[in-house]
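Two complexes are shown next, each including chain A; its partner changes from chain B in the first to chain C in the second.
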Partner chain A sequence: MAKKSIAPSTSASKPTSGSVKARDIATQRKILTLAEEIVRRSLGGREPIVQIPTRTKSNTIWNKKKGILEMGDATAERPLFDLKTAKQFMQTMLHASTIKDLIEAQKTSSLRGVFYKAKHTVAGTKENTFDTQDESDPILEDLEVALGALREELHVFAENRGSMVGNITIVDKGDEIDCRRMGSGGYALPSIVEPDIIQFKKCEAKFVLHVEKGTVWNRFNEDRFWEKNNCILTHGAGQPPRGCRRLLQRLNQELKLPIICVLDNDPWGHYIYSVIKQGSISLAFESTRLAIPDAKFLGIRAKDFRECGLDDAVKIDLTDNDIKRAKEIAAYPWFEAHKGWQKEINALLSNGFKMEVESLITKDISYVSETYVPERLRAKDWLE
Partner chain B sequence: MAKKSIAPSTSASKPTSGSVKARDIATQRKILTLAEEIVRRSLGGREPIVQIPTRTKSNTIWNKKKGILEMGDATAERPLFDLKTAKQFMQTMLHASTIKDLIEAQKTSSLRGVFYKAKHTVAGTKENTFDTQDESDPILEDLEVALGALREELHVFAENRGSMVGNITIVDKGDEIDCRRMGSGGYALPSIVEPDIIQFKKCEAKFVLHVEKGTVWNRFNEDRFWEKNNCILTHGAGQPPRGCRRLLQRLNQELKLPIICVLDNDPWGHYIYSVIKQGSISLAFESTRLAIPDAKFLGIRAKDFRECGLDDAVKIDLTDNDIKRAKEIAAYPWFEAHKGWQKEINALLSNGFKMEVESLITKDISYVSETYVPERLRAKDWLE
Partner chain C sequence: MESAVKERPMQSSKPRRGATAEEMSARQKEVSVSEFFVKNRHLLGFDNPRKALLTTVKEAVDNSLDACEEGGILPDIAVIIEDLDPRRPATSKSSRYRVTIIDNGPGIVRKQVENIFGRLLYGSKFHRLKMSRGQQGIGISAAGMNGLITTGRPMVIHTKPSAKQAAHHLELAMNTKTNRAEVTLDKETKDFPPERFRAISAGTKQLSAEGTFLSPEVFATGTSVSIELEGKYQKGRGSVDEFLELTAIANPHARIIFVPPSRTTQEEGDDLLPGTSAAAAQEGKKEAPAQTSETGGVVVYPRGVQELPPETKEIQPHPKGIELGILLQMLKDYEASEKGTLYDFLQTRFCRVSASTASKFCSAIGVTSRTKAADVEPPDVEKLFKVFEDERLAPPPTDCLAPIGVRQLLAGLLKGVKAEFYAASTREAAVYRGRPFQIEAAIAFGGDLPADQSARVIRFANRVPLLFQQSACSSFKAVEETPWKNYAMQQPRGSLPVGPLVVMIHMASVWVPFTSESKEAIADYDEIRKEMKLALMECGRKLGTYLRKRQKMRRESERRDVFERYIGEIAKALNAITNEDAKRLYDALLEQARKKTAVADQQLDEDGKVVREDDDDFDDEGVILVPTAIAPIEQSAPIAPISFEPVATSKATSKATSKATSTTTSKTKSNAKAVGVKKSSAPSASMVSETSATKSHPAIVTKKELAERRESNASSSSKPDNSQKPQKSQKTSSSGSSKPFDDNDPRLF
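This part shows the complex of A and B:
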């Protein structure tokens, strides 16, 4: 297990009002550059155009050395004088303007809030700028990649999901939060966890145990697992949202804490791990800020049915879709080149059934937190 | 607005290890009584039977005086020697046994955990005690009503969902949590918030503002609404789960804080309010522990489109299902006898469109937290 260290030289971790401003000024400048270029083209008698990097699978590259998914160089033009793109051009400008307003007001908004902010009926017509949020979210992602700024830097938040307890004190907007004293509820993870909002203070923890579900998290918290094993305990209520992933990455990079995952033994659990580790295709442009290449998968493993001596009743038959997904995941480049993962996915397929973390309850209510995870940790028995 | 008071005589609020035991001993006694009755009947040569109060709409009574939904007296017999009920009888006994174990071990479990604990293949057969959780959850509800004990008293938790910040200090499992200093994330609401786990300590807040969604909660928290308006700010991530409802009820009953809701202007928002206020049919047996008859509905109101001068683009057409639901809700006895609510639902129907809380963003990013809610609070302009 890596040594704890509070990386004192990480300036990003220091709460200075200067750093807030610096980040925002940089984003502002990017928006103004975008706008000025359009004005310049217009005044010069040329057609206004925005260049949008392409967020497709074909423009996603697996960077083996870094161990993350990255976006390639392909871009698409979005000209104003084209019936196919004129509306999107207008929508891009509207959202850029909203973001400028948000930054100036030093406020943040949700995806839905940004959608509403720009939604209005164009004067003298019955045409809306946006009809549904489905049109709005991709335009925001376009802006993220076009500006090279994370959604968080655009002052836009996603859902709040997930909780944290454990041997760490953090500072959230100036409030010191002792995660060792958060009772049964825990600290609710916010969506924006950038260093100007959240700073790490005192941390004795030697690793982070990340579990899939809140109900499993409750079991570990009730058994004071984080206290007995000197760690931090998190969950992301299923596929962890960006705030949770980014916080895990910061704990990993800045405090050098290993991230150890306890997820279901099914393709969905494997996919959650894959996203935590390598990033996802749709957010490939953000992998450097979200992916954790050395994240570990402790379980549940296909071998556990036999190793833990579980009852037949915990088996849940794989569906056709599960089998299809398992094969797709096995073909991901980072799993394809990994003997351990090929073996793991094959074992799932040859088992013919999946298992949830909760299936360990059939042994004993605290088997997972007091026997299974501690034993695997001691043996360093995990996949990575 | 009611005066703040920390009801010093509420013994339930005092954290004594004795009170934990008392609650658990009472539940244990109920389980043993159930078991002993079955043993007695068996030894006496009579058929083992469990009596289960009926959880149907026809056995749900609207108690106008108390302002809550209650369960009637109808019960159904669940005999062992009947092919239709033998399996359920066995399942009921299995879950009662798991609960006894949980209480003895002083641990809690999730609905899914209890399901797994009881799930096994019956020796010498291919028959499982339970196949899916759909079979298991209703058996637990049966036990709640048969034993007259809340799910929380059976040591079973639901999801953790929702967050809280504001002018209150609570104690959660012995940890003091200052909700005035919880940053952008907040205190994550646990599922079990009974007085032996959560106690209220210092509270200056004069009311609770409960909003529907986490994204709206973020807006109010970022604008420090709870500080400027001396209140507590909560959300339940949609239809609030039991832990959130029970905590709101305790804040209302023990600290005499009005609960003021800001929900969407649609049948779903009205239904959320209805459940917070009067309870639900499926949980009618728990209304006395969950319902808040004097909860207030501040908005969004049907009149707000005109009163706030909103743009046509915020209108979302009512679907046929919305219209059907609105009429059903209008026919609930507590809404049927309420002129204000009849007018409100009729206004929604005659508008022909619904509106989300986020639609107020079209006015200004902080219009909802800095203008709309403060003005309505001052004018006491709400429905109750």
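This part shows the complex of A and C:
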């Protein structure tokens, strides 16, 4: 466990309205540049095209030195006059226009709000511009990368997801929040946690324990784990959203708190860890803000079935898909070179079963929070 | 089980069953052909009352057509079916009918009447190799016999072999024991064509008054046959109507008048054949001028062409098409009649055997050219037979065949089947078993034909429609084996293609190999099936080219739809961001979209495809297109006009806002350009009205139609100007749009 003491720091980066304004002006200019190029092409008799950096595995570069995933330079053309992309082109334009309106009005909108703002019937037809939000969200991500602007710069936010409790006091839009006094629900993590929104006022915690989902988090919170172990307790409701990851990253970067993860013993858990640590493929362009290269994987581990003497009932057979996924993860460059991880994934595969964190409950209802995690922390028994 | 067998007593002590050879010989006697067929009527097509009626009509009509053609007379045939029991209960399964077929053929000399109508297997056609409808000489006499058996009434024949002399009136009853007809009435009469038929119904009265029904001038000679029989008249598949319909298709030179009975047996609803003119007539559709017409219930299939089919020649058998037994028999016949040499026999009794070939054959089996045919020993005949097989010989002459011809095939199909695309092909003559034959195929696609069913196959042999036993027929197999998938059709594995398709196959031959005496299916010879497939593939390729082209146009048209659908949205969004005039953007993008999808505007007359201008204009390729029958390209949704209101923030346009100008129809590139120019001079709140009328049209059109369309566009686009009130609404009225403008639609401002 990290013994390094952290001086309680209060972030002084209180945003001035001027800097926000300047940021918005810059974003506006980016949107205008994009649109003007299309207008120029249209009127000049050339096919309108949007260049969108590709968010695929092939365009993702593993930066070994920084320990994060970065986005490559490849871009994909999105021409209007192609049946495959015509609708997306139209949707991109609609969202660009929506965002321009949002910035102009100095309002923010949820992803769903943006979806509804741009959703209507195409004039004269029965077709909708957007049918589902699943169509809309990727278009916004496209715009983020195409414009080189972050989501908050586009005045768009996602739903709150994930919770936090612990020995920390933060300021959220001017409201002081003492995370020790959050009851059973915890502080809901907003999607935008940039320094102009959230500042860390006071922090006594020595580390952050991040668990996979709310049920496990409830167990730790009910057992006052954060109080007993002087830490911050977070969860990201499965795959942690950007807000959660960004907050963890800030806690790690600014307050130098180690991030320790307790995730399921399955390929999905391994993948969540990988995303927290290195960043994800689809958000590789944000890795510098999101990735936490020194995040630690505490458990649960393939060896725990034996070491903790768990009952056979907790075993869940690996599906073919799990096995495929595990092998894929083992081949990720950041895992490939890591002996510990190769061993861990091989152990999972040779076990032939996976385990959820909840499986530790079979030992005792509070085994995970009162025995398992403290013991492992003490032993510094984790994977990095 | 075992014990059960053991318990059973042996039955060896029973008296001997069966008969001695002597006893049996007492019962053995010759079976006359007629007797055989009395018991096996189904072999001749008299299985049930409905089919019996059809077969009777069919045999008589076939004979009439053959007689007329042989006599060099353009056939004029009347088919009259009288219901003799009109007051029968509605539940009765059959009724008594009198079928009368009257032709204007050369007539029959008195002494032959009994033989022709009263004897089975008596005819002029069996012993020769010549293309004709009838073959064995069974048909009409069998029909008469069937009538006699079911009603006890004799066959009534009127025949007038000479224009100057009186007609013969005979009544014949066949004696099945002796295979001879018994004449029950024989007198001379002046009543030909029989007078009473003119007044048989309102329709015949009307036609007679017009002089187009049984006029004595046309029927100067001829034959009339009346047979009474137990039958059932019902429309639909395998009906008299279908038979006559198809006969008319395959015999455009014949005029056929059909007087159906007053009452139809209708326990089930008539299943009318889809896409035929009969069905069309039922639907109350208007027929084109030179097509089947109906007067007071009387159906007239008019004459389509004025020439008789070329006269066909009789030919000798070809050495390759003969069997050993037949060769032996021919030699025996030759010995009996001529007593000549083998050398002469070969030359005179076969086709394609020249003097040199004959001497080659002789030397091949080790005899000289002077060896008598009688002296050739059976082993040598066998040798000769093998030599025939190995020798390379010219195929039999083909002037014995009279194909219908591509032009007539198309005319026939066009008349009978409502489709959008027709193709036909005639193969070169080929040979099966030494008999020349020729295959023709035609297809009709699209139009009113049902799209979700298997293709309909209509089959002809020597111009006679084949209505039954489809799946046993070589032609049916050929259709199944044709790779329709290659021609952009759907085809479930090993079965008929599915789609709006009618396939017609005609086999012309000196001897059509039917699978049975009722002549319902063509036997499946490899040579024949191969030719059929090749003919179908030829048609199929034309169809494939057409369909692929059409699919491409359809795709392009859909692409254009997609693009145009989004362009309005894009223009608005870009306008919101950049203030660039939305109308100008829209026009520029529309122009690009139209350029990208230019294929959709193509006419089908490129690529060698002919856009039909009028009915008589057939092209050389054997393809006809009926653009009016082509179903319009389906569209996901009609695109209503997009309206661009001046955007409030647009400084450039604010001045002109009050002068909301007239409708601009952005349809063509030139228009779009014109608008662009206009914009630069006076950026106005011009509104674009996309004439959706242009889209709902099919992509394939006649030139005439195009012209009409242009006119209608011109008038419709000018209409809003006229109808607009002076106080000018901001809204453009959308001409030709199916979706009216909703003034309250917020998106349209």
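In this text, the second predicted complex is superposed on the first by the 308 of 384 C-alpha atoms of A that agree within 3 Å, B and C clash if a C-alpha of one lies under 4 Å from a C-alpha of the other, contacts with A are read in each partner's own complex, and residues count from 1 in each chain.
Keep in mind that, in the parts below, contacts are C-beta pairs under 8 Å (C-beta built on N, C-alpha and C of every residue); 3 or more make two chains touch, one makes a residue touch a chain.
A quick note: this is a predicted structure, and the numbers were derived from the prediction, not measured.
S.K.: Tell me which partner A:T129 touches in the superposition: chain B (first), chain C (second), both or neither.
M.R.: both
S.K.: Could you look at A:D101 and tell me whether it touches chain B, chain C, both or neither (first, second, both, neither)?
M.R.: Both partners, chain B and chain C.
S.K.: Check the residue A:T54 against both partner chains and state whether it touches chain B (first), chain C (second), both, or neither.
M.R.: neither
S.K.: Using the superposition described at the top, determine whether chain B or chain C touches more residues of chain A.
M.R.: Counting contacted residues of chain A, the larger count belongs to B.
S.K.: What is the contact status of A:F81 with respect to chain B (first) and chain C (second): first, second, both, or neither?
M.R.: Touch partner of A:F81: chain C, not chain B.
S.K.: With the two complexes superposed on chain A, say which partner A:I38 touches: chain B (first), chain C (second), both, or neither.
M.R.: second
S.K.: First (chain B), second (chain C), both or neither: which does A:M93 touch?
M.R.: A:M93: touches chain C, not chain B.
S.K.: Of the partners chain B and chain C, which touch A:Q253 in the superposed model: first, second, both, neither?
M.R.: neither
S.K.: Of the two partner chains, chain B (first) and chain C (second), which one does A:H120 touch, if any: first, second, both, or neither?
M.R.: In the superposed model, A:H120 contacts both chain B and chain C.
S.K.: Between chain B (first) and chain C (second), which, if any, makes contact with A:I361: first, second, both or neither?
M.R.: first
S.K.: On chain A, which stretch or stretches are contacted by chain B in one complex as well as by chain C in the other?
M.R.: 101, 120-121, 129
S.K.: In their complex, what parts of chain A are in touch with chain C?
M.R.: Chain A reaches chain C through residues 31-32, 35-36, 38-39, 42-43, 45, 47-48, 80-81, 83, 86-87, 89-90, 93-94, 96-97, 100-101, 120-127, 129.
S.K.: Once bound in the complex, which stretches of chain C touch chain A?
M.R.: The touching residues are 559, 562-563, 565-570, 572-574, 576-578, 580, 584-585, 588-589, 591-593, 596, 636-643, 690, 737, 739, 747-748.
S.K.: For the complex, give me every residue of chain B touching chain A.
M.R.: Residues 101-102, 105, 107-113, 115-117, 119-121, 128-130, 157, 159-161, 163, 171-177, 181-192, 197-198, 214-215, 217-219, 222-223, 311-314, 356, 358-359, 361-362, 365-366.
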